[in-house]
């Protein structure tokens, strides 16, 4: 693992979330059935660094973000802010926590209340965290400053607008501005651009990157688009069915994926270089199967039912993290050289 | 095969009408995969629904023609068909696969019913058992176990549903399959599976595909030809490879520059400045000029026509206008 | 999605018509007793005579002026209707939102309570309670109707709150650090306005009809309202006396007010669900002059190549 | 309306008489003792079970008509009654009527509180041969008709009924000329017996239908679906008689009971007799009876004594025979201004400097009473009393009246064969405010009145009784503990289209109400109308 | 399974709560059946009858409210609804038994008709927007705003009468015996037409509106467009695709409204003098007849609960999404 210049701001260890299944027909007979949405996830976010979390839909990425933001209570594991274990539910301590850790939602169309103006959203965020200043002037300055940061200028033009009067990119900027109002150290961005138009995605991503640099934020960038992780993140973690399967420096992970799942993911991504129908049919032959049920996840490696390299051992034993190279690890028995990488921090 | 001429589609009529598609000329050749790309709101779906006359109110087809040439038959103008003729024409000649398969399948009917009723509607003489056999065949065609025929849509995964829709599209062996963002809701693995399946089926049945997406990298890989739409118009239409290597229109270039590439060297991503145009207040001249880094004198004043620069390539941009296309 | 755009809402023709009708009755409720030509209780020599210049809507068995009774009675109808509507709406809001937003048993319990109230037969209950309460007067009717008719709206609000609670912007407000009450009051509540409004209108209609029904069966007839007029008409067998004027105007007033409220609700419906709007014109004229109906599945073609001229 | 195939076939040729009552839902319940039974409510009990003696409340002084008793003799100051039972009467099942049946019936009433409707205190009851002897603890002078009107039930049937108070008596057996053949829907059908101790009536079949509302009952009368009823018809000259003036008739004779304005005499200033007398002076009974009661329902009370006429004319002492009600506002005002404490401020009557105000109340839904109150309200305004009308619900009102929690109500009195019942309701049985009263709702307290009533009930001579009555009337006229307004009635609506022989003013042989015992007399008298 | 069990628990709880509320409301009324009887007859019954009536109704035995409540449940457990006061000593169950069928017949038929007609019109007007069917909306809104008792009274005065086909009162000609003969059934139907029409006219609008709104909403669903794209006939798209889906909310609403048959429209019975439980209920209220009131309430409550259960079942049947995957 690359030596870190900074210490982690936010860390998670053994993060686990099981959603109890309720009222689901015959499952009643089996008490305690649960969706194993997140199992034993360990990650750490560092100042001035972007960590990408990629994985297919339903793999538990958003749940990780919510657990980190303490919007949901975790089933197990620890979340440490500046090395201190924090568990908050609400009230003042929650406020204090979210002053440091802010979440940006996937859908800018849904994450702003349609009945409130931009001014309301931002003012509230400032007020709640005590950054609104004491006079109307100070508030106005703070607002202008915030909008300036997300490059919505001139500020007056946007303050009075309702969300529906803004374009998707502008809305996402407002959402980011709201998160910044708390002056956080960690930004959890849950697929911040997947709902945005291609032509404006880049702007928002670039904005996030700039902010990271200016404010030296720790950013968790959640996406299902592994290509954007390559461009945007310093480090990339790959998630499959609630578990992290691979992690490491973005370029390494994307260019030489180690875990069979990461490989599948990368092979599946559209590749304009393979122009023309001639080379098209390559991966298609076998039905690649579907993600497993999270209520009864497969034993051993969760990917084994779909894995072309699955071994006997994969069906029974959970692979620990194995170091693949200095910049990369994978939770796969293929890399078992007898020396599992120290589990825990990536 | 299918020839759109001067097709215009509006939402609403009169003063308040939104001209979502304007004077589009587009040809879909037999057996070809034509990709239609462009950012959100550029009118891709409107075009697809408009030409099949499936646009919900307040959409209206304001003018133009949609000529369908079946082999060895008189061309028919889809826009001039009566309701009954249109019904007969639909699905038998052009089938459609929409973006959200969950919403394309009726949640209260079994897959079997939904597969067989299209056969029954067009071939009323077939026996139920025969129709069921055909439905089974379609399911195996798209690689879904036959026993899933008895399922309801919500019992299938998203990928399965989309495959059911593709199977259904092929029920009557149509000449043309229109696909409006058929895989955007799916993750990449599933997306690739479905597209590969589609490619194979196309080779087997030889239908033409109009493939709509905003993901240019996907089109570059899968389609023969790509048309780029902006603000309700086609701004460029080229073979995939040409377009990918050498986009002519600045907008096409911008689109390509918005996608981070997974492989190869890290390219600098440029993106497109500005925001998509408001259809109600289109800029005069070239609709792209306010966002165009290369805009120059005529762009703000006059609209560039879609003109051929080479035999296979059309572009609507003053940068590439030959003197005789300038009016 | 509801937005607080009142002017936009009133741009809807149906809503405007409804609002105008309502306004008309509101004005009558205020000025009715001043512009009434007689006291509604003033007896006169002409008993049960038909409409005339002196008595626009005729007189009753005591020679009282029915037009004046209706005018004076408007206030009772409007006040009871709206006051009970307010009570029921507030209750449904509190219970509906609380049961939708509060997690766990509390919410469930409230939901069960509203379901119980839903099962209780409203009108008979109303008759029993109002006929049993010692004091007469509008307040009893207001309170009884208000306290018993909130359940339906509470259920709707609960369902909507449950879905709003999952919305990103509510989560986002939580993630910003907003307190629960503030989330309810400022994030959720404003998005329920349309449902609240239509629930309110619905309750008002129900209340008014109930009040009139109660009066008609002879409960709470001390004060004048339209039901009181109908009650007297019925107890005096007005229709057998061919005294149609005693029955018809009151019935029409109720129907008109009801229609106004219904139109208002149509407006709210269309406001909430834009698909319900007819979108300006439902018919279009092709260039060749034929009129076509806009409908799903068959997009009208305004000009084909042969019919119209190429552009 | 309707094309009632069976009920409207009331042509006398087929011998059918249709009787209707607006009494709502009924079921097959023929227990003659229960006021809740259909037999009682619709009145067909009277053509099945017969009384000992038939009396006429319209002409209370007239001697009774012997019915199942051929003779009756009171003795010992009305503490012993000797009845001679008619011979040759048979029950509808063929068994003969005996004196034992009569004694059994009285014993049944005596031993079942629930059946003893008039709470009569029976002493011994014995029968021998065809005589029955009853003794009583106290004088039954004022209750004599209640005893004589007792209908008789057969011992051989009723002795087998375990609880006579809760039995629906599905197959009633009586001595009357009709037997119940069916009860279906809301209609009881009775047919004539083949034998009867008197001449058989001409009506072969009786339909008693309970209509669900006054409106439909009225409709049935005008449509010819019903021939006879007792129902309040508003504005009958338009809604009823006008529909067929030559046949549709009504007759509502007064009986010895009052409807009047009760004042709570514990509420100041209504404890002042002069104020009450003044109020009596301004109430316009004619208008009330004409408008509120549509000119017929409750006849006007014209005597200040409150005794309805002509039924009670003979009871009015000569002292008051010309003391008739008349509207006289100035006299009333004069009386008030001369009364200490009262004064006028402009048009307003003040008592000790405060406006005299009264809240008049009657249940919501009683439209005639409510109309009457509105008129009284206006009348009281003429002497400056600020009257308001309120309409609580019936339950509340009933409770309030009984508990003395009211200011002024329109309420009734009991009625009977003498004015005793009427006066006893007004003057007797003082109960303190807050306790439930069965009479004297106004809480009028007068030992003289109580004594006079007692004297009237127990006196042994007519002279004593007249003296007592005069005392009572004097209290009534000078103190007006209740302001009598109109008389109770015993009337009905009937059609002469198919049947004639109905009672009316000119031939008041019986009250015209189909639910009273006299209805049997009327049915026995009916003749098919000529030409129908 | 679990869903059904929780529903069942809910039904039991609701039944208990409703019955308890009914019991206490009825008992805390001021007044009592004896004085109600006397008051009703305004002097026709002598006040000396109070003692006998009190004894008759068993009101002379004083029992605490709680004891009455326990006794009431004891009775209910034996299926005994008590004895009516106003028609003493007829058992309440007998009375309800003879009146309920008529209500079910009249209001039930009317509700079904109103639902069918309203829904059919709603389907049409939702499907053919912009045609004449648009006029249905304000028209039915007006009709539904008219109080139905008023409509009924006007209908009686205009249409019923001595010479008319329509009888103005009763559920069948009095004197006929209810039997299953064609002539009796015809007679009963003849009596039901006018009141049923009143209910249908004034309650149709709700169904129409709901169905229309749902049709419009459903019409813009993708699967409808797909159905059109498939070239299915208009009828098939309209019924099998649009209406079939749009109906779901209406169906559960319909089941609920079946439960309100008794309580919602009982004034119609009163206006038309129809021998149904509505008439009976009003009479019971007027007479302070608690056993009868409680009995009718019990029936209404059970009807509503049964209807709720039906709604649950109907939804389960009609919407495969609520069914559990096998």
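Lettered A, B, C, D and E in written order, each chain numbered from 1.
FYI, a residue touches a chain if its C-beta (ideal position, glycine included) is under 8 Å from a C-beta of that chain, and two chains touch if they have at least 3 such contacts.
Per UniProt, the chains are A, B = ABC transporter ATP-binding protein; C, E = ABC transporter permease.
This structure is a prediction, so every number in the text was calculated from the model and none was measured.
Asks: Can you list every chain that touches subunit B and also touches subunit C (ABC transporter permease)?
Replies: Touches both subunit B and subunit C (ABC transporter permease): A, E.
Asks: Among the chains here, which has the CA centroid at the largest distance from subunit A's centroid?
Replies: That would be chain D.
Asks: Quick one: subunit B and subunit D, Cα centre-to-centre, how many Å?
Replies: Centres of subunit B and subunit D (C-alpha means) sit 92 Å apart.
Asks: Could you please state the distance in Å, as a whole number, between where the Cα atoms of subunit A are centred and where those of subunit C (ABC transporter permease) are centred?
Replies: Measuring from centre to centre gives 48 Å for this pair.
Asks: When the centre of a chain is set as the mean of its C-alpha atoms, what distance in Å lies between subunit C (ABC transporter permease) and subunit E (ABC transporter permease)?
Replies: Those two chain centres are 22 Å apart.
Asks: At least two partner chains per residue is the criterion; list those residues in subunit E (ABC transporter permease).
Replies: 29-30, 129, 219-220, 225, 227-229, 270, 325 - these are the residues of subunit E (ABC transporter permease) that touch more than one other chain.
Asks: Which residues of subunit D are in contact with two or more other chains?
Replies: Only 215, 219, 222, 394-396, 399 qualify.
Asks: Indicate the residues of subunit A shared as contacts by at least two other chains.
Replies: none
Asks: Would you pull the subunit C (ABC transporter permease) residues touching subunit D in the complex into a rising list?
Replies: 41, 43, 47-48, 61-62, 130-136, 217-222, 231-232, 234-237, 240-242
Asks: Where on subunit C (ABC transporter permease) is subunit E (ABC transporter permease) touching in the complex?
Replies: Result: residues 14, 112, 115-116, 119-125, 127-129, 131-132, 134, 205, 209, 212-213, 216-217, 230, 234, 239-240, 247-248, 250-251, 254-259, 261-263, 266, 269, 273, 275-276, 278, 282-283, 293-298 of subunit C (ABC transporter permease) touch subunit E (ABC transporter permease).
Asks: Can you list the subunit B residues touching subunit A in their complex?
Replies: 33, 39-41, 143, 157, 159, 186-193, 195-197, 199-200, 214-218, 220-222, 224, 240-241, 244, 254-255, 258-264, 266, 269-272, 275-276
Asks: Show me the residue ranges of subunit B that touch subunit C (ABC transporter permease) in the complex, using the header's touch definition.
Replies: That would be residues 5-6, 8, 10, 12-14, 16, 23, 49-50, 53-65, 77, 79-80, 83, 86 of subunit B.
Asks: Within the complex, which stretch of subunit D touches subunit E (ABC transporter permease)?
Replies: 1-7, 24-27, 29, 31, 34-38, 112-119, 165-168, 182, 184-187, 189, 207, 209, 211-213, 215-216, 219-220, 222-224, 257, 259, 363, 394-399, 402, 412-416, 421, 425, 438-439, 488
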